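Look for subunit A in each of the two complexes below; its partner is subunit B in the first and subunit C in the second.
Presenting the complex of A and B:
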């Protein structure tokens, strides 16, 4: 990933999150104190398994222990970071309606003036779209987006999973624990939102850390697909996810 | 006397620790690995003091190093001295009613006082200028002479409920209770036996339990009851419970509903001298909890106690009237405060 200033700052932010999680979050305290971790090593001599990273199933099972001692929510949002990544791949001007299929609640991190709508199964989507005055960005699984009527200001942004990295031409990459990982930019590469997410290599594949979430803390959660690699975009220079060969 | 202060997070187990714990027949919470886990996951981690006289251990103590102000952070590993003001609480987490310092069997009062002084001097040296004093709790009345002295105020603590086992069966025990309590327990037993919606499992060395679920459940129960006075413990961790419930001398009783939801849990520390009913947690009635489980756990504990012939059972502090109605006696406990100027005297 190189040693540019932004990369160094990215790593420093991650290390601060790791140290904070070790000091305040029961699950990470237990896991790293008793088993260990790398990058950074927190207990001399203990390097742990997978560098201290944990799989998504374990994270979900230990949700209550991901809340810092000071308290907070234990709810994992499968579409965390949607607004931030979406605005990098789709122009979201004032008046845009972002309709999200399969979400429990509307995205909270949309730009000012952009409305969010969590579409329920019994919602009258056609009626809402017909009444929409501005552009509509529909986000959700491919199957549901294909059912939408064609409208001049409707744009579809499909949600992709890690085994669909080679699909395009646009979309958002999601993970059940870490939320929205990346967006497919105009260069055709999956760009990671590095203000909110850090990724590191482990011997079990990439592990992701949500950098700006107080509770629940999500640190070093394995993506679960060892083929996915992290590299730098030759055009934009930011971190991108690419499909790699199986190990 | 030589005092070795050990940080269980990073230091190896002191020589002779396990042998001393076994010889004194101390409860499982004195196991070094459990203390290590507990300390890593504590805001106020334990510092273990091992007092030796000619190579023989004469006393062991767990001193919780408490800092002011209490923050929502685990203690920094490797921190040696108290820069900010703080105190050492000679206290054993998760075993209320029992002291945090244990002396070798047969040692006289003078030896015990000497050991206590040696521990205090070692703590002063180790914890530095921030150490405001040492708190001993709980202290049995017959041990007050060891800890008290000039400038060492005594305060009262919640009494410990202890039952002396004088029965050979549960029916014997039930027969010794008041008519009202006996009738209500028998009625509850009938009601629970008829309730197919409650699945009860109990026994030692349980490996079928989700420790994370247990820890969350116990903490939710504790929060619902509100904070205890002078609470210095951090919520019990999943790693701690995972190791605890797998021990052969720890019996865990669980109640689940027909959907597999945990309704209540109780851990009992078996011990040839005194069994201890330890963690109790139950689901709130408003959240689908069931009645009578608290008392059922006592009936089951008495079944084990009378069957195994354990002479005593402690059920810690609180709910004094209920415990008295079940045959427990309330044993007076004290707290002794030793401010900095009198430490080591």
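Presenting the complex of A and C:
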């Protein structure tokens, strides 16, 4: 990823999150104290497995221990960061309605003037779309988006999983623990929102850290697909996810 | 024997003190035998002390008294003082600049934090103070009974009575029906009804088993309901699933679980530390009744434990502190306790 100033700041932010998690979050305290970690090593001599990263299933099972000692929520949002990534890949003008299928609640990080709607199974979607005065961005699984009626101001943004990195031309990449990882930009590459997410190589593949979420704290969660690689976009410079060869 | 010159201080008597930090020091070769000899429960196992120490706000230190090279006493406690950060774990190295050694059992505030061989008294625990740290200004002993209080120095000490601890003897009853029959009328009727109704409730499955059969993450999640009820600035930290996992893998730990028969959801759980004579119910929590919890499950759980203790030839149960009226109504006996601060 190089050594540009933004990359160095990205790494410093990540290290601060790691140290804070070790000092205040029971799961990371116990895991890294007893087993260890790398980059940084927190207890001399203890380097752990996978550099201290853990798989998503373990993180979900231990979510009560992801709350810092100061308290907070233990609910993992599978669409965390949706608003921030979506605005990078879709123009969200004032008056746009963002309809999210499969979410428990509407996204909270949309730009001012953009409304969010968590579509429930029994909602009358056709009626809502017909009444919408501005553009509508529908976000959700491909199957549900294909059922939507064609309308002039409706854009569909499918949610993709890590094994669908080669699909396009639009989309948001999601992970069950880390939420929205990346968005497919106009360059055709999956751009990571580095203000909110840090990614790191381990011997079990990439591990992600949510940088700005106080609780539940999510640090070094394995993406679960060892083929996915982190590189730099030659056009935009930012970090991008690319499908790699199997190890 | 594991001795470390940096931590070991010769004493004016024939006793030597060895201070260990379970986070960094390996398990001494004598530890398992010492724990068995002293009858110390699972939370004194070295790996459990290590996990406790990492998940504490303040350094947990173990002092072992040696005579002629053999361990003859042990005490454990946190080095409590300033600076103090209630929302942070202890730093990897170092600790308070000034403070006192707060001696208490590793995971329970209901038991003394020391064991001493014949011929030693709690006064000998005070000898450990100089080895705890340069800023250690005294020793705070919790759960000091009247006999121990009598041997402590009369000068330079502060004594405050604390809540009594409760023990429930069962060695002289034949079965749980006889135990319930010996209680006062109101509690007797209540326990009989609870025992019958819960046992007949087709919605739930009650299981008494070795703790390793239960998922510690599930237990930790449920414990949060109870911990949140009593949360305060100086209250104990939440019980981490990792600590529970290490504890519940041990053979001498028992769980009583209440599950929904259809969904297998955990509705209530009790975790008990076994002991040859006096097992101790250590954790308890349940879903609130309005969220699907089992009414009176706490009382049913205690009745299950009494039944189990009688069946396994135990002397009784250590019920700890708090809920004095309830424990008295169950036939438990109080033991007066004091906290004693001895300054240097």
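In the analysis below, the second predicted complex is superposed on the first by the 247 of 247 C-alpha atoms of A that agree within 3 Å, B and C clash if a C-alpha of one lies under 4 Å from a C-alpha of the other, contacts with A are read in each partner's own complex, and residues count from 1 in each chain.
One rule holds in what follows: a residue touches a chain if its C-beta (ideal position, glycine included) is under 8 Å from a C-beta of that chain, and two chains touch if they have at least 3 such contacts.
What you see is a predicted model, and the numbers here were worked out from it, not measured in a lab.
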{"item": "Superposed partners subunit B and subunit C on subunit A - clash or fit", "value": "clash"}
{"item": "Which superposed partner A:11 touches (first subunit B, second subunit C, both, neither)", "value": "neither"}
{"item": "Contacts of A:215 with subunit B and subunit C, given as first, second, both or neither", "value": "neither"}
{"item": "Contacts of A:47 with subunit B and subunit C, given as first, second, both or neither", "value": "neither"}
{"item": "First, second, both or neither for A:26, with subunit B first and subunit C second", "value": "both"}
{"item": "Touching partner for A:61 - first (subunit B), second (subunit C), both, neither", "value": "both"}
{"item": "Intersection of the subunit A residues that touch subunit B with those that touch subunit C", "value": "22-24, 26-27, 29-30, 33-34, 43, 61-62, 64-65, 68-70"}
{"item": "Subunit B residues within the subunit A interface of the complex", "value": "9-10, 37, 40-41, 43, 72-74, 76-77, 210, 212, 215-216, 234-235, 237-239"}
{"item": "Partner subunit B, residues of subunit A touching it in the complex", "value": "22-24, 26-27, 29-30, 33-34, 43, 61-62, 64-65, 68-71"}
{"item": "Complex contacts: residues of subunit A adjacent to subunit C", "value": "22-24, 26-27, 29-31, 33-34, 42-43, 61-65, 67-70, 74"}
{"item": "Residue ranges of subunit C in contact with subunit A within the complex", "value": "23, 50-51, 54-55, 86-89, 91-92, 215, 217, 220-221, 224, 237-238, 240-243"}
